[in-house]
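Chain lettering (A, B, C and D) follows the sequence in which the chains are written, and residue indices restart at 1 in each chain.
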Amino acid sequence: MRKYSAILGNLGNTCDRFCGSYKENPSSIEMLKQAGKLDGISGIELVGTWDIRPDNVQKMKTALDNLNFKCVSIIPDLFADKIWRFGSISAKDSEVRQKAMEYLRTMCGVAEKMDCDIINLWPGQDGYDYLFQGNYLDERNWLVENIAKLAGEFPHLKFALEYKPKEPRTHSYMARMADTLLVCLQTGMDNVGVTIDTGHAFMAGENVSESIILAKQAGNKLFHMHFNDNYKAWDDDMIAGSIHSLEYIEMLYWLDKYGYDGWLSMDQYPYREDAVGAISESINWLKAFDKIMVTNRDKITDTIAEGDAVKTSALMRSILIG
Amino acid sequence: MRKYSAILGNLGNTCDRFCGSYKENPSSIEMLKQAGKLDGISGIELVGTWDIRPDNVQKMKTALDNLNFKCVSIIPDLFADKIWRFGSISAKDSEVRQKAMEYLRTMCGVAEKMDCDIINLWPGQDGYDYLFQGNYLDERNWLVENIAKLAGEFPHLKFALEYKPKEPRTHSYMARMADTLLVCLQTGMDNVGVTIDTGHAFMAGENVSESIILAKQAGNKLFHMHFNDNYKAWDDDMIAGSIHSLEYIEMLYWLDKYGYDGWLSMDQYPYREDAVGAISESINWLKAFDKIMVTNRDKITDTIAEGDAVKTSALMRSILIG
Amino acid sequence: MRKYSAILGNLGNTCDRFCGSYKENPSSIEMLKQAGKLDGISGIELVGTWDIRPDNVQKMKTALDNLNFKCVSIIPDLFADKIWRFGSISAKDSEVRQKAMEYLRTMCGVAEKMDCDIINLWPGQDGYDYLFQGNYLDERNWLVENIAKLAGEFPHLKFALEYKPKEPRTHSYMARMADTLLVCLQTGMDNVGVTIDTGHAFMAGENVSESIILAKQAGNKLFHMHFNDNYKAWDDDMIAGSIHSLEYIEMLYWLDKYGYDGWLSMDQYPYREDAVGAISESINWLKAFDKIMVTNRDKITDTIAEGDAVKTSALMRSILIG
Amino acid sequence: MRKYSAILGNLGNTCDRFCGSYKENPSSIEMLKQAGKLDGISGIELVGTWDIRPDNVQKMKTALDNLNFKCVSIIPDLFADKIWRFGSISAKDSEVRQKAMEYLRTMCGVAEKMDCDIINLWPGQDGYDYLFQGNYLDERNWLVENIAKLAGEFPHLKFALEYKPKEPRTHSYMARMADTLLVCLQTGMDNVGVTIDTGHAFMAGENVSESIILAKQAGNKLFHMHFNDNYKAWDDDMIAGSIHSLEYIEMLYWLDKYGYDGWLSMDQYPYREDAVGAISESINWLKAFDKIMVTNRDKITDTIAEGDAVKTSALMRSILIG
């Protein structure tokens, strides 16, 4: 059984660097009410500081319980506060690294109180913009050390590292599946794994199905999944399935081969769209893709075994458009 | 009624710069026999020199007639002979430009004898590789002048300029729809227009549907269509529809809005695949897409008129996977 | 003599969709004071509404005059107000198109009062995000008609259309040099031309030098230049010259071949950098590139005439690193 | 002291899928004579089967010795024979895998006879073209197993895995630095490492400097370097330094930080250029970059330590163009 969830903030306001606000600014509680309208989800991801902090953890716990939502993950805010503008746990400035660790420890504590198993770690500001700017050696080492330290301090939490090749920096340290798996392995910790954001992976030029297998071969390191779609050149954060189709069907096939039993979480950024509508659309697409995949699983297996592109094409047409 | 055709050479041998031959080397007549097995095509495009020359024009005419194939276009070979390695009609060397014009005149004569209306002009070697190598001003001027001259000499033929951003040069002079339309307009000739190769357009970052409209707004300049698919980063020349789906459906919708009544021609490069199988697959996909489009034309029109992404997504899912 | 200028807003606050503010929020007058520290600039571009409106036009005129700054262009704000979120002069909603025209007329009036010759038109929200969302035919027609109308109403102003392939929409209607030249030609107005933003052009996969020649061949349509640098995949708006070098040197060569005598304007977005420092750096790079180009102009001409890549490489090394 | 070398075949004929031959077909011995004209190289890489086989190993050994060339690596031909068209050591067909292993063992034997330390393994055909075609799990496992087996059988040889994201397949199994490091780690063999081809890395969207550090952090896994340049979208195999400059300077800095003492080998594909001239140009650029780097090493170190983009830009300009 697939478990669907969504990131709460997807229901909130949107902006870009040109337009400061495309929508209204709802509170987390108002967004939760909207989330209640999403058909088929049973979990919610919360962004640290914005949605959840030590001071509102009880209130949010109650609010989620009332809606029968599991707190799927906490996503610490390592990206919205300008203190992290030159990096957080890999910043050149040791005080900044220290502050990032303190903040993360607080968020891990919050996660425990929320009965939340996953810290979804996206250190979006950790990277560099210009050539001759980053000290790749020291900064990558700090990244690994700090994640290892945190994972050691909170052994009952799973740390799911979310990679993305760029934005907001022109280069992120955790950029693609394979380099993030190297980070996992270098921490030496069993509770450190990876989040695939399908859009980030598309943007990185990845075939997500193969990325899933990379995670399997590195020791079952796929901890979490974020879904959205884009044109493969930028993190457009669009409705999952609205651009690509066959990729998602293949992805679901390989998720099952992997034995993935985690969440399928919607992570979009509906700049100009009705958020409940846009997120619901992603779920609708994924459910339809899943039905197609399950119905045709054996045919898919047989066709892959042959590897004949002409038959593969016929299979794809038959399962996609009948 | 759609008219489907194929490029004869797609049924022949394949190679790349690493592997000199993936298949056997059939003759043009043998390839024509294979083309006879393609269900649903009524026309064939021939590559100049390789498939057709003054010395075999009668033989090829008979061979096509026997199979009830219209000669859809002649594609002069401005790419396989190393004499054109630094360009043909825009080469720095005036003798090379002269030779290219003589060759093209010969091929135009051949086209007339084949009752063929279209010269599909792909000057693949016309461009440049390095910075500070091309004289963009002179060379682009020669390109325009020579096309204008040819179009003037053969007013009953249509010259369909096929654009492609790169390969075999790192930069082609006719790179995208809009710059090729500028070439058309600069020739001042009514019988100069554009060929869209869907894969070239994808590789150029184009939305083919919008490119079709660009051609319409520039004076109904869409003369011809080549179909294939790729991952949008390179001219992989794969089975049309095997990667993208919604793009083709939208494309067929806008082709009708344009009023396009030309050929839908298959242009692939099945490196490792059975050629008849691979080309047939493209036709199968396109026919299926066309059926979907025609059935849903009114819904599509209504949805575009609204422009609401959530409804658009629902429409796409409903027409694609029902 | 080159004329350097800068966009005033580059000296202001920065943000992205994750972080709402990387800096402080200076007023336009405070930014002007900062601009006074930029060595070598003699002009300023102002963003409509934000920097300049009917109510502050006199104050800004005085402020610029005091600093001996020419008002190089007005950039009407068609991107920051959410009213334009589905487009401005090409929006489906005729009321929105009407409002956009009224706003533009106001800004044209402001330009006249500022003795400003150029309206730099970047309709960043005019485009579409999803397949089956845009009515390419109608919307592109509205775009052309409205620009033509405006150019007719203000014949003494030059309308410089700034193209960009995407952001904030996933697809912009004015995406590349050549399609924007088609828009110019379709307006039929002499006072409609193009702004090249070097970063937008890089992102569009263009060789800017060739784009300059495209504008020349379409009737001397290059009206304005914005400078910045990026990694060619996104509009990173970085220090011009910090990534690419040879491209800028070649560009300056072809600007002279074009006979361009307009402004070289700095347009960056220094998210995390000292703005005066970052903009000064761009000017420093450009001046150094220009000196190299001028010194080597004849050698460059000779080398291009030969087109021999080995000699071209030697030339480039000799002029770049001596 | 840097050690420069070149791949012998770079001096031979060139072709692409359109043009079967841009040059003449020299023999390996004739190419070696040309290699003797390359100023500053002391080593040569040989392609298996084409340049070197059991039957000519003695003759080639003598020929290299006479020119005082070290045999830097053997590059087994896993790409030019159509038997590998669906993969070699990861092919679905176990007989093909078996044949690939036998061939590789032969080539390892040849390497030993040539006193050659490195097998440069580029399994270019190992990957897939279409979705639903590759069995990522089994095929990647076979890849790892077979490399491990070979490395175990030839413990005195170093196996340098050369990654490339695509071409000739649309997807390669060894695509980027990090996934290839995972392959290395999964073999568990100390004598398995990575070759960086700078062009392949550019095409993969990598910052080569950071890739060098990834290899260091995975256990000093950088075994070999191939140099060439491209526009970052395709493996254009151009003169190293003719497009990018600062990247190479930064790369040489981090190679020294790594402690790399291997070869800097030229690997180009001069389609239309004089080969000796084109390869010499790459060496000239690299030597010039190296001189710049060495002279400015301390400044570079200090600037990286600060990480201030404005100062970084000034540094880059000062070291690049003085």
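Definition applied: a residue touches a chain if its C-beta (ideal position, glycine included) is under 8 Å from a C-beta of that chain, and two chains touch if they have at least 3 such contacts.
Small disclaimer: the values here were computed from a predicted structure and weren't measured.
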{"item": "Distance-maximising chain from chain D - centres being C-alpha averages", "value": "C"}
{"item": "C-alpha-based rotation, chain C on chain D, 0 to 180 degrees, nearest 5", "value": "180"}
{"item": "Centre-to-centre distance between chain D and chain C (centres being mean Cα positions), rounded to whole Å", "value": "41"}
{"item": "Distance from the mean Cα position of chain C to that of chain A, given in whole angstrom", "value": "36"}
{"item": "Chain D residues counted as touching two or more neighbouring chains", "value": "86, 129-131, 205, 233, 239, 242-243, 246, 272, 309, 312-313, 316"}
{"item": "Residue numbers on chain B that touch chain A, as the complex places them", "value": "205, 232-233, 239, 241-243, 245-246, 270, 272-274, 277-278, 281, 284-285, 288-289, 292, 308-310, 312-314, 316-317, 320-322"}
{"item": "Touching residues on chain B, where the partner in the complex is chain C", "value": "86, 92, 128-137, 140-141, 144, 165, 171, 176-179, 181-182, 185-186, 204-205, 207, 209-210, 213-214, 216-218, 246-247, 250, 254, 257, 300, 303-305, 307, 309, 312-313, 315-316"}
{"item": "Contacting residues of chain A [partner chain C, same complex]", "value": "14-22, 79-82, 85-86, 124, 129-131, 166-168, 170, 230-231, 233-234, 236, 238-239, 242-243, 269, 271-272"}
